Structure formats: structure tokens, C-alpha cells
Amino acid sequence: MCAIVGVINSKNASTYAYYALFAMQHRGQEASGISASDGKGIKTIKAKGEVNQIFNPLNLKSLNGEIAIGHNRYSTAGNSSIDDAQPIYANCSFGDISLVHNGNLVNKNEVREFLMQCGAIFQTNLDTENLIHLIARSKEQDLKDRLIEGLKKCIGAYCFMLASKDKLYVIRDAYGVRPLSLGRLKDGGYIIASETCAFDLIEAEFIRDVKAGEMLIFTQGNDNFESIQLFNEKPRICAFEYIYFARPDSIIEGKSVYEVRKKLGETLAKKFDQKIDFVVPVPDSGVSAAIGFSQYLKIPLEMAIVRNHYVGRTFIEPTEELRNFKVKLKLNPMSKVLKDKEIVVIDDSLVRGTTSKKIISLLRAAGASKIHLAIACPEIKFPDIYGIDTPTFEELISANKNIKQVKEFIDADSLTFLSIDELVSSIGNERSYSLVSFDGDYFIK
Amino acid sequence: MCAIVGVINSKNASTYAYYALFAMQHRGQEASGISASDGKGIKTIKAKGEVNQIFNPLNLKSLNGEIAIGHNRYSTAGNSSIDDAQPIYANCSFGDISLVHNGNLVNKNEVREFLMQCGAIFQTNLDTENLIHLIARSKEQDLKDRLIEGLKKCIGAYCFMLASKDKLYVIRDAYGVRPLSLGRLKDGGYIIASETCAFDLIEAEFIRDVKAGEMLIFTQGNDNFESIQLFNEKPRICAFEYIYFARPDSIIEGKSVYEVRKKLGETLAKKFDQKIDFVVPVPDSGVSAAIGFSQYLKIPLEMAIVRNHYVGRTFIEPTEELRNFKVKLKLNPMSKVLKDKEIVVIDDSLVRGTTSKKIISLLRAAGASKIHLAIACPEIKFPDIYGIDTPTFEELISANKNIKQVKEFIDADSLTFLSIDELVSSIGNERSYSLVSFDGDYFIK
Amino acid sequence: MCAIVGVINSKNASTYAYYALFAMQHRGQEASGISASDGKGIKTIKAKGEVNQIFNPLNLKSLNGEIAIGHNRYSTAGNSSIDDAQPIYANCSFGDISLVHNGNLVNKNEVREFLMQCGAIFQTNLDTENLIHLIARSKEQDLKDRLIEGLKKCIGAYCFMLASKDKLYVIRDAYGVRPLSLGRLKDGGYIIASETCAFDLIEAEFIRDVKAGEMLIFTQGNDNFESIQLFNEKPRICAFEYIYFARPDSIIEGKSVYEVRKKLGETLAKKFDQKIDFVVPVPDSGVSAAIGFSQYLKIPLEMAIVRNHYVGRTFIEPTEELRNFKVKLKLNPMSKVLKDKEIVVIDDSLVRGTTSKKIISLLRAAGASKIHLAIACPEIKFPDIYGIDTPTFEELISANKNIKQVKEFIDADSLTFLSIDELVSSIGNERSYSLVSFDGDYFIK
Amino acid sequence: MCAIVGVINSKNASTYAYYALFAMQHRGQEASGISASDGKGIKTIKAKGEVNQIFNPLNLKSLNGEIAIGHNRYSTAGNSSIDDAQPIYANCSFGDISLVHNGNLVNKNEVREFLMQCGAIFQTNLDTENLIHLIARSKEQDLKDRLIEGLKKCIGAYCFMLASKDKLYVIRDAYGVRPLSLGRLKDGGYIIASETCAFDLIEAEFIRDVKAGEMLIFTQGNDNFESIQLFNEKPRICAFEYIYFARPDSIIEGKSVYEVRKKLGETLAKKFDQKIDFVVPVPDSGVSAAIGFSQYLKIPLEMAIVRNHYVGRTFIEPTEELRNFKVKLKLNPMSKVLKDKEIVVIDDSLVRGTTSKKIISLLRAAGASKIHLAIACPEIKFPDIYGIDTPTFEELISANKNIKQVKEFIDADSLTFLSIDELVSSIGNERSYSLVSFDGDYFIK
């Protein structure tokens, strides 16, 4: 999960890209970057850290030009390098290009291996670099044709944006697994972004979602744009965008993320059969579902866990072992509210189970007498190779334990998940979804 | 409003002070500092910025010793200097001392003037410096007597903590306007902090609140502490601590801040007579009251305004005038949810009216058909000189307009405040409160 | 040894102060600061580090006003605090003042003790703070009279500059131990600085040295200035200014520092009786004397030790013990030049002997067959309490060993010092000097 | 001109590389980087700035492994990007490699163009990237053979070092234009560096220079190394290494740089026929030659221009136009010494003439009555395309003006250059030199 943005035909292209990245900061805090094309060359600024730390009026001003693309990189577990920040710039036989990517290519290793055998060198660990090499090696004349040829060799869930001297190419994968929306700026320019929440801040007007398998080609100074349908698969947006990734105020494929989450909570409530005093969300991830849950059952919602938003990246470790310290840095249950109460805790997902176990431990210490846990999605039994850097089978608790065993591990009084069918019907039966984490159907081949 | 903390009899005194300041970061983000006393001298580290930015394992380690005091400074409008960060250290005839202060001395100018006439020099703009001079000039032998003499000349709402070579002095003002609580650390040391939320992170046990007019004297290595009742006024805790300042998970004078805020929302609901589809809190300030409001009326709560928590201190200004840009950086209303709805917006207070006006403007643009505003406190008609840096009469909208005029200014369909009586009865009739912002009763003279 | 500067009647007062501090950076790299007075108040910026790191166009612009004073703080061994940076600002009964100080008050502890007994508090470790307290406590009406009364109680070697709302007071101590010169800026303003090298960069015209015991009073907007002779002692400029402290291109009391150093080398050459192949200076401290030495004896000078000027403040320690590593970081002898040669090494002074010992060790390793050491000043036998932070008796090698013993300790083939008489006659017999480090005549009482 | 270093068979490989880069900081202050290979993978840290600013004990520790290569990048005029810092890392079909380069490839554009036509993408502006692509595209199996094939296609003056999983490849160009020396560390490892001054700090023993056209192959854990003579041209070391680039304490091809520079000064003195009072070097560039000049003529040397070594990268511009400000920031002539004197100023080279013009202007203002300029090298009439980023024909004053015209432009009373023959005979007639800047013989084709 990352965020990408592209802007064209705006004198403030890089500034709008910056605002959009700021609005989509939740999709990645590890690194950010923006490339701007001024018709002559492409300049790029990228670094580790949050958007607000990397950009300032001075360096943003140096990113002049009417085309800009930007990227927020998701925090990954391993040791990452500045070389893995995006956009990736390349000088090729046909000129300068810069590329951003949100998604994951499932055949990345095979393609990389093939390209390396052909003499390609890789300066990053990013699968994004594959596409640049494929474009560069294509025998086609036109950049568009090179790009199409390259894309046909990239299997996976992805959104790409490519800036050249005077064009912006926007591509969404065959199934439309990752979201991508098109909007129009107040100054007449176009903006394309991973989430519609990016449009609100800059008063861009939502036009439509980019279609699954569609490529859009914008030309500098030209208000018309070309649309090419590269693939014709049945769309399957990633269900996790609704469940967890997206900001609640974004609209994905016409559906409000907030309303979908409420519906997930409502569906969860329908099958929940424990007696409780009130509903407690894990802030902020479980709030929307908890509201739906609470409204359906007409049982009060209480913000009985308080979140500290000042938590930064590094923190001084406790000198003696304070229990559950890292969770407590963020979350504090209120014993005054919880004392001797029977509650249900709502969260959006349960991955490794370790954080849930700690939260339940904190709630017990705060005096709650019964703690039920209800998760607003199904059991996660398979790694999501269409997202990015998901846990392995070994780490996924539901891939290794049944519900009863998980309940015991996390020490909950009861544990409720949605079924896959309940998930799908809650989002809406009218279309298909990418559900790999739940059903292991790795449909992109 | 600032945060203060004191620790004694712990080998990790400065580390515990650091954690406590982190937990109380909401009370001030402009500057922070910690002094530690190791029985020989006092070392101080202070700087502008947040706790997490200022301290690191290395500099925290240099603050060794079993006594520590710390301070978070509230962000003020004017241009502040590093010299105005606390603690303030002084080398005096009776040794080194260091002082932190939360509150405001109403006679600060008179005392400062008097002290300067006597030859005192002031190196900061802080009223805190007054007390150090008074202590230094006292003819008493003992530091305790010097301190008491000095305090008797300081009129205002304050909590002070003073660290010396081997003692920690803790004082709460005559009326107990500012909160202060005493706890015990797991390693046997004592901790005193502005809010009890600081205790939770470090698993300190709450012992009791420091009493209005009480001075506590702790001696390094001694598990007993002395309590002296300096003043005997009827306690009047600042109502704003419940309304706005404190974290919802803190307990002030035995009352859960979260529960008081819910009660304020409930009281507001009782008098609210408009027809609405749902209740919308201004996040995060209005959430607790909105829950109480919603529960009482059995009208759904919707998180229809989403908050972006990544907003930092500096931000690149929009190149063209985007409407309500600064508010939108933090708050985004969801048009999908709000479209054609009649809503009530709940906030904790209404000061200048400018932010509320912008929020309502955003909500209208998002499609809400009727927007009622309900404020979970009375009209603020008087500057709170017992807090710090409050707006002037000219800036306080309710000091200059009646409710109808304010309603028109902010363009709400209706506007509801609590009365002072409703505020008091919601917190609890059993005791008195400092209500200066509402009734103008400047009782500390 | 520190650097101070004052500017008045210039629209660019703080910028000129900045340039002057930059030119005098050699007198102190630990901290710097500038105060500017704009007729209403005084603003101060100070921090640890070098001038170039602390100031930028933005913060310098905020130091507006036509009066500015500045300070470079000398690097001291112990752990210093930001609180010990200058200028020191104070708000007093008679208004804002800001003070800078170069020198040392020998009765600082007594005065501080006295002031503390009177109730003064000290927020720094600087003796500079004494004078502010004395001014503040004076019963005189006028700031000038307060200042004079305060100065009469300060015994020591000092230069002070004090900025008020509209005046700049400049004081040199009774004996003129520390240097101070007056110049005129191209825009008509005045500048007063520790060394004349500060004038060259900004094309200020040297007017004259401030006299020993003289106070100058400048008034904003007034081209005339008042001169008051506070003391009438026989002037005794510190000989170390010529030997070591000052930049060679400065003129002190009419004498070129470079030419004095050459003369010291020449006098040293006259008594030097060893056979040598060439003369090697320790760069950069011994270069001027080595030129004089070489010219007198007509023996070639060779820059056989190369200095690395990139050495910063912190450095990564060698993983295994490399011999004389810290000296080698700065100084590298050329074995190609030194192999089998008999040389004399010239340095400006010999304090602890440890560095000289290491340099000689490096020169031997580089192949020099005989290494004579000649020091262009007498043996340092007494701490210089009129400077700042000089080594103690225990640390001064010549206070504890005779020349033969020192020669053996540092492993030189011979060791030559100047006598005190030779030092004095080399600088010039026509006046007296402060020679405390050599003769222990602590004449300021 | 850059600096490179390679270390193998040392547990502290990256630390030694760091020290060596520090010692060679004069060859480039714009950016630095180190790659370390631990037998599994290669880690790289690189950034803009000086070595001391980029590396710290923590990040250096992360560069573990017994092979390390490092690079200092020379400050270039244009706006440079972090992407242009070295080493350049690449993941290829045959594993990870990392590469550093000092020099310039004259056919870089042709090779880059060819490679791009083959589908290669370039992520930097560095010609270094060419070699990586050539290696990657080679059909040879072995890395050594790939490297040799690539090198045969690179025409220019270069030193390369390539680190792989377990090998270090070191190559000096066919003519040996750029210097490169081999040494042995105290712990038994090998070190290869651009200059021998790097060996002195870490007590490495000089073994021999790498030969022109030689490739050395070191294998991790193996004390023997392989030497392959790739090319058999007559060596032509760059004369500018002696004249300007190298540190005076380095030994290049058996000759002391310091002694060569003295000899250049001596040769200059032989043809100098003006009457002068003394010799003045431009510090630090002209000092060595001035010593030789002075010794030959037995005319005194005076350090009459003082250099301020605190000059950093950025500086606050003067508010009004101070004449020759940027030169004065570094250099200050002493009027006390220069007044009414006839002098010769010695510098190592004269490129654009602008700085010399300003220095002469400053010396005249300081009172010198006659100012002769003597340059310790011939007229620079051709861009040095074997170095890096040299001025164009248009910028080189001697490419556009004869000596008389240059003398008039810089306003000197006389101007003396060495002839090319004098340059060559001063360094030593026994071998050939690269003299492109002087004779335009671009012999590498």
C-alpha cells in the first residue's frame, strides 16, 4: 500500500502533488518524493520521512513545470534505503522519464531475473524498476507503445504513472485491484490520485475512477486526453481498501469507505450474540465499524480507549520492563469507564494477534469484567501478495490457528469474525473483489 | 495551560519525567524541558519543539540523579524565545534550584516591577521568574520558609514544583484552580503530574490529588513526605480542565474527564429542540460530548468530519487562495454522508468563532441541508487570566455578540450553548469551580 | 579569550556584527550570539556552534535595529550549557539591556557570593552576570552611573559592551589587558571589536584603540560619542594576544601581530645554537615565528608538517589504537622531506607538553634524525587568570619541570624558550605587558 | 578530480575507508559515500556534504564486512543531485556490485548513447554508470572478463574500484593519468587510495603505485592478489596532480608533491627579473612554490595574505556592495606589512583570472606599490577533459588573451608563467606527463 498522484496542465503542478500526498499520508510515512517535468527535463526530490518534513517552499519551487508525479512509500519492516524511495527517474534513449507505482508485481522476480540476464542493472529493490527496463528495451518507437509492451509483461496489481517531457501516462491494472481516481483542478488541470480524499483539500472535482485495465494519456497543454482499454478483465477491487487502507472520507468505486465500514460493523453486530454493556472501538482503526455495530444493536458506543497521536517514529525504551509499553504509548484504556463492565472491542482486522492480545491485557488490567472481540473482516489466512510486504503464513495467526485457538491466544471472552460472504454482501454484491487474504484465490497469473 | 511533572526517589527520574511529559504533550507543544538533580548539582535540557524531538537516550542519560522536574510549554501566539522554556534554573546563595510552573500569576507585573525596583534582573518573560527572586530575597534561612514567603506574595492560579539538591517541593494554589495529582512509581519513587494520564503509561499508582493550598515536601531517600496546608480557601478547580484542556482519560478530583464531557453533551441534548438526522462531532475536541448527546437523544452519531493527524507546525501556503485551507488541512467533511442531511455539530467550546464559521462553510459545501451547532459549554465572555495567553475581550466573539448574532456570524441554522448552571450541575454540584471565562468572577485577588 | 563586537548607527548593525564575528571566529568556536536593539526592545539569538551555522539571512533579518552587539565564545574543556552563551539579556527597572564580555573577573566569586547573599539569582555560570546584577542594584538613576558603579566593583581583565534602548556602552579594563579597537563603517556607523581584522572584511576604517580604563558612550543617531576615563593605571596589554590569541593580520596597540611574531622568532633564532638543515613550523600556530627565525639565520623554512583544515568537532574514534591519532588528524609530517634531516620545530607556546611530545614522536617516525624544539615565548609557569579557563598549575608542564626535564618528557634533542626579557624586548620595550603566565605577577587586585 | 579508496581483508574496512576519505577531503567536498561488502550483500551510505558530516559511529558500524570502497565527490558548478554521489550500487545477473570512479571518460556520451539504444536506462548523470552497464551486458561468464571487456570500451583517464561479494577490483587507466597507490594496513589488509596522504593517518605502509593500465584483483581472505596488465601505453600522469590537485604531503610516482611544487617555484624564480622586497604566497595554494621561489632568490617570504579557514559553503550576502567580498571572506592582505612594498605574489595556477584580479586589487588597497604575479605553471589554454568539470574555452583567460592582455586584465605590474618545458623539467624529464590544459594534446582517443 502506497499513495501516488499525478498532475498535469497546472502551473502549480508540484504544489498540488504535495497537497495530495499530504492528504494521503496515511498510505505511507516512510518516504516521499515528487518529480516535475518542465518540458525540458525532469527534476526529482525524494527522501525518507513524511511529506511535511521533506518539502518546503524553496525546494518545491525548484520543482517547476506543469507536470508532476508523487509518491508516499509505506513503512516496511526491513531496513529500507533511500534508493527505494520513488519516483524513479531514468534517462533513456527516448528521453527522460519518471515513474511512480502503487501495488505489487507478482512476476517481479522472474522479470527481474530475465532482465538481468539481458544485461539490465538494478539500482533499487523496487519492482517499479522492472517496468522502466521493459520500456527501455522495447523495440517500439513510440513511448506509448513501449509502455504498453512493458505493461503486458508485468503481472500484478498496480497503478503506474509515468511522466515524460510533455506527457503523463496513467495506468490501472487489468483487475483494478488498487484504486485510482481522476479529478479536475480549479485551474483547469487534471489530477489523478490513489484516493479521492486528496481532491477535497485542493477543491478538485471528482470526474470518475480510472477503469480497470485502462490507460489514460494526457498531453501538456491539451485539455483532451486519450483513453485506451489495455485489458478487459472483470474488475476486482481489493477488499482491504474498504476494510483498512483507505481514509474513511474517500470514495472508492462509488462507495463511501466510511459507510462500507459502518456496514461491516452492522453485519458483525447481526451475528454477535453476547450480552454487553457497551461497544469500544480500537481507535482510530475500529471507529467506523464500531459506530455501525453500536447503531444496529442500539447499544452505546464508548471511546473507552484513548489514543495519543503524538507518537513518533523513535522512542526511548523503558529502563525497566513496563508491560505492553509500545501499545500503551498509543492506546490508554480508561479504567473509570471500564471497571466491571462487559464490553465488545471492535477492530478492523486481526493479523498477527499480538497487538490485540496486548490491548485485551490492558483492558483486563483496567477492570473490564468480560472482553469480547469482534473483527470487521474475515480471518486473514493468506499473505496478500497484491499489496505490499504483508506478513508470511507463519506470522498470520489465522493461517495457523482456528478461531477458538486465536480466542485463547489473545485471551478474549469471545471472538467474532465476518465470513467472506458477509464481507462481500456488506460491501455490495453487485461486483467482485480481490479477497486473496481471506480465500487464497491468487487470481492474477 | 502547560504540563508539569516531578519525580523523586527513582533511579530513572528523568526518564519517568520524559514519559510523563510525552503523555501530557496535548497540554503544550511549543517547548519542553527537564531538570535533574543528582545531589550535587542540577542539569537542565530544554528546547523548542515536542518531547520526542528534544530528548534522546543520550541526553536523557546525562540527566542523572533521583530527582527530576519537567515542563511542556503551551503554544502561544506571539514570537516566543528559547529563554521562555522551562524549567528555570538558578544558582542562589542557598544552592541550586530549578523551577517549573503551570498557571498564571495575576499580580505578576506588580511583583516584577517591585523586584526590579529592588535590583532584580529578569532574563525571561515568565512570571515563574518572580517566585525565584522572591525566594532568593527572603530573609528566611530555610528554603522551605523562603518558598512559603515567596508563595504568599504570588497571587494567581498555579502549580509549582521546585527541585533543590535533595528535595522536591510541590505546591498547588490556594483554590486548586490547576490540577495536580500524586502517584507512586513501581520502583517505589513518587511522581506528581498535572494529569493522571501520565501515570497510566508508566504504571504509576494514583495516590491522591494534591489539595488546594497544599505544599508537599519530599526528601531524597526518604519515603515519607511532609504536607503543609498553606492556604485554606474553598477549592475551585478550573471548569475548562473538564471542558477542554485535559485528556479524556484523566481523572480530575475523582471525576473522569470523559464522563464529564459525555454529561455535558447529555445536558446539551436535553435542551436541544431541533429535528436532526444525526449528530456530528468536531474531531477530536467534540467527540466525548457528542457521544453523550447522541446517547441521550438516541439519535445516531456519525463521524462525518475526518481529521488528518499528520498536520505539523509549518505548512506550505496554497499558491492560489483555496477556501478555508488551514481548516481543511485538519478537517474534511464527507459529502457522501452529509448530502441533504440535517445535522447538529458538537464542539467543546466557541472562542473566536472563526474556525466554527469555516467548519460550517465546509459542511454546507459538502451538502448538509441544515447545520445546527451545539457547544458543550457556556458562552465565553471573559478572558481567562488564570490560564495562559487567552484571547482578549475584542477577540472573544461572545463578549461582543449575543447568541443570535453569533449564529448569524458563523452561519449556523441554530446555535445552542450550555448555561453556567447547566455546566456546573453537569460536572457536579457538590463543589465550586473556577468559571471566570463565563461569569467574569475574578475571585483570585 | 573570546571575541566581542558592537555596532551603532548602522541600518545593517546586526549584519556587520555577524561579519565581524565571522572574522574573529578564531577567538572562539563554541557558541555565538547577537543582540540587536531597535529603539523599543532588544532581541537576541544565540546558540552553540560557529557563526556560520547559527545565523542565516532570515534570523539575521529579525535582529533589526541600528544597535547590535555580538560574542564568540571560546571552546572550554568542561561541559558547557547554552545558558553560558552570550549576549546576556536582562529586563531591569530601567529597561532592557544586553551585555557581552571578553575577559575574566578575578573577584567574580566574591562578588557573586555577595550578590547572592543580597538575594540575586544567577541563571548562568558567567561572571558577566555579576555586572548586570551590580547595575540593577545600583542606587544611581542614570544607566551610565549605574554601570560605572558596577565596573568599580569588578576587578579583572575585561572588555564589556552594553546595549540599551538607544545607547551603546563600551568599556576596556583599567590596564587594557584585553584588546579593543574602534572603527567607522562605510555607512557612517561605528564599530568596536576585539581585533582589527574584523574591520578589514567590512571595509571599516580603524580610528583608534579604546584606551585602558576608558568608557565610550554612543547614542543612537548621534555621530558624537562621549569618552570617560574611568581608571588611570599604566596600560599592560596581555602579551599572549601577540603570542597566540590574535589573528596575524590584526594590529594591536599599533603593532602588527604578524611582525611581532616574526620578531619573536628572530629573537629565538639569535640564541639558538644547534646545527640544523632547515626550520619547520607547527602549522598554523608557529608559522609567523618560523619565518622570522628562518630569515634571521638564513636557514631555509620548510612546511614539512601539513595541516588538515577539515577537522571538525567530533570524530569517529579509531577501532584499534592508532598512535597519536588525534594529532595526526590535524598534522602530517612529510617523511620524504624529513628523512635523515636535522631540524628545528617552531611553535608559539608550550602548555601541557602533550601535543609537542606527539608531534616530535611523529617527526621521528617520519625519519628526522635530530629534532630541536624552539618555542617563541617563555616557559608558562602560572595559570592566566586574566584570560579564561587556562590550565591549572598541575597541568602546566613548565610549572612542574625545568627545561631539561621538559626536553626529556617531550623527547626533543634540544629545547629553547625565550626569556621574559627577550619576549618584552621583542614586542617593544616602550610599554608594559601583562605577563602573568610567565612571571606570576598577578597585578590586578 | 575526486578521491577514491578501497580496503580489503580488514575487519574495520569501512572505518579505514572513512579515515582515508577524511585525509583526502581536499579532493572533493560536495558528496561522499562508502559501500561495504560482507560476503552476502553490499550496503551503501552516501550523501551530500563532507565526510565528517555524513558518517557517525552508528552508521559506519552498519557498513560491516571486510571489503569497502569509498568516494569523495568534487564540488561542481551546476546543481548536482544526490543521485550523482558515489559509490554506485547495482544488482546484476551475477550478483551485487558497487563502483567508484575518479576521472573522466572522453567517449562517455557515445557509449551512453549506444547503451541507451540497446535499452539501458541511466539513473544518474555519471559516466561511471556506463561501465556498470557494459559489465552487465557482457557475454563473458566471469566478472573479471566482463570488467575487462567493459574497460576496453571506456576511453579516458580514470581509476575504478569495484567491490563484489568477495572481491575487490582496482583499475588504473592505460596512461595512468589519475594517481593510485597501494598500501598495507597494520592489520594485514590492503588499502588502495588516490593519494598516499591517506596512508599516513592510518599508519598504512606504502607498497607501490598501481601501474598505468594495470588491474589488481584482491580476493577476500586471500593475502595474494592478481595483477593483470590491461594496456601497455607509455605512462603520462596528469601534471595538475603535482601543480594543484594533490596534498603536498602525498607522494606521486615516487615524487614528493611538496618538493615538486618547490621546484616549480624555483624554476619560476630563475626567470623572474623584477626587483622585489619580498615574496607573498596566495595561501594555501601558492605556499609551496613560494618557498622554492624565495629560497632560490634568497628573498624573504612573507605570509602577507592571511587566510580564514572557517569559510563554509553558504554565507550571508553583504547588504550593500562591499568590494571583492567573497575573496575577502577567505583572504586578508596585511597593510602593515605591504605598505609601499614591491612584491611578487605566487599562486599555483591562473584559470579565469577573476580571483587573481581581486587579490591584486586587495593588495593595492593594502598599500603595495608594485605587485608582480608569478604563476607556478604554464598558461592554461585548453579545457582539461581528463579531469572533471573544467572551465570552457570561453572561461579560460589564457585561451583568449596573451600574457600582456592577461597582465592588464588583472592589473599586475608584471606576470610570469612557466613554459611547458620548464614545467616538465621541474617535475622531472625522465617521464611523460598529461599536459592537455597547456598544449591541447588530447592524446587519449
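So that you can tell them apart, the chains are marked A, B, C and D in the order they are listed, and the count of residues begins at 1 in each.
The rule is short, and it goes like this: a residue touches a chain if its C-beta (ideal position, glycine included) is under 8 Å from a C-beta of that chain, and two chains touch if they have at least 3 such contacts.
Chain labels with UniProt names: A, B, C, D = Amidophosphoribosyltransferase.
Small disclaimer: the values here were computed from a predicted structure and weren't measured.
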| item | value |
| --- | --- |
| Mutual neighbours - chains that touch chain C and chain D alike | none |
| Length of the line joining the C-alpha centres of chain B and chain D, rounded to whole Å | 60 |
| Distance between the centres, which are taken as Cα means, of chain D and chain A, whole angstrom | 48 |
| Numbers and ranges of chain A residues touching at least 2 other chains | none |
| Pairs of chains in contact (touch as defined earlier), listed by label | A-B, A-D, B-C, C-D |
| Chain B residues touching chain C - in the complex, by the definition given at the top | 44, 81-83, 88-93, 113, 116-123, 125, 132-133, 136-138 |
| Chain C contact footprint on chain D (complex, rising order) | 11-12, 15, 18-19, 22-23, 25-26, 29, 50-53, 55-57, 60, 186-187, 197, 200-203, 247-249, 251, 256, 258-259, 287-288, 291, 295, 298, 300-304, 306, 308-312, 314-320, 322-323, 325, 328-329, 332-334, 336-337 |
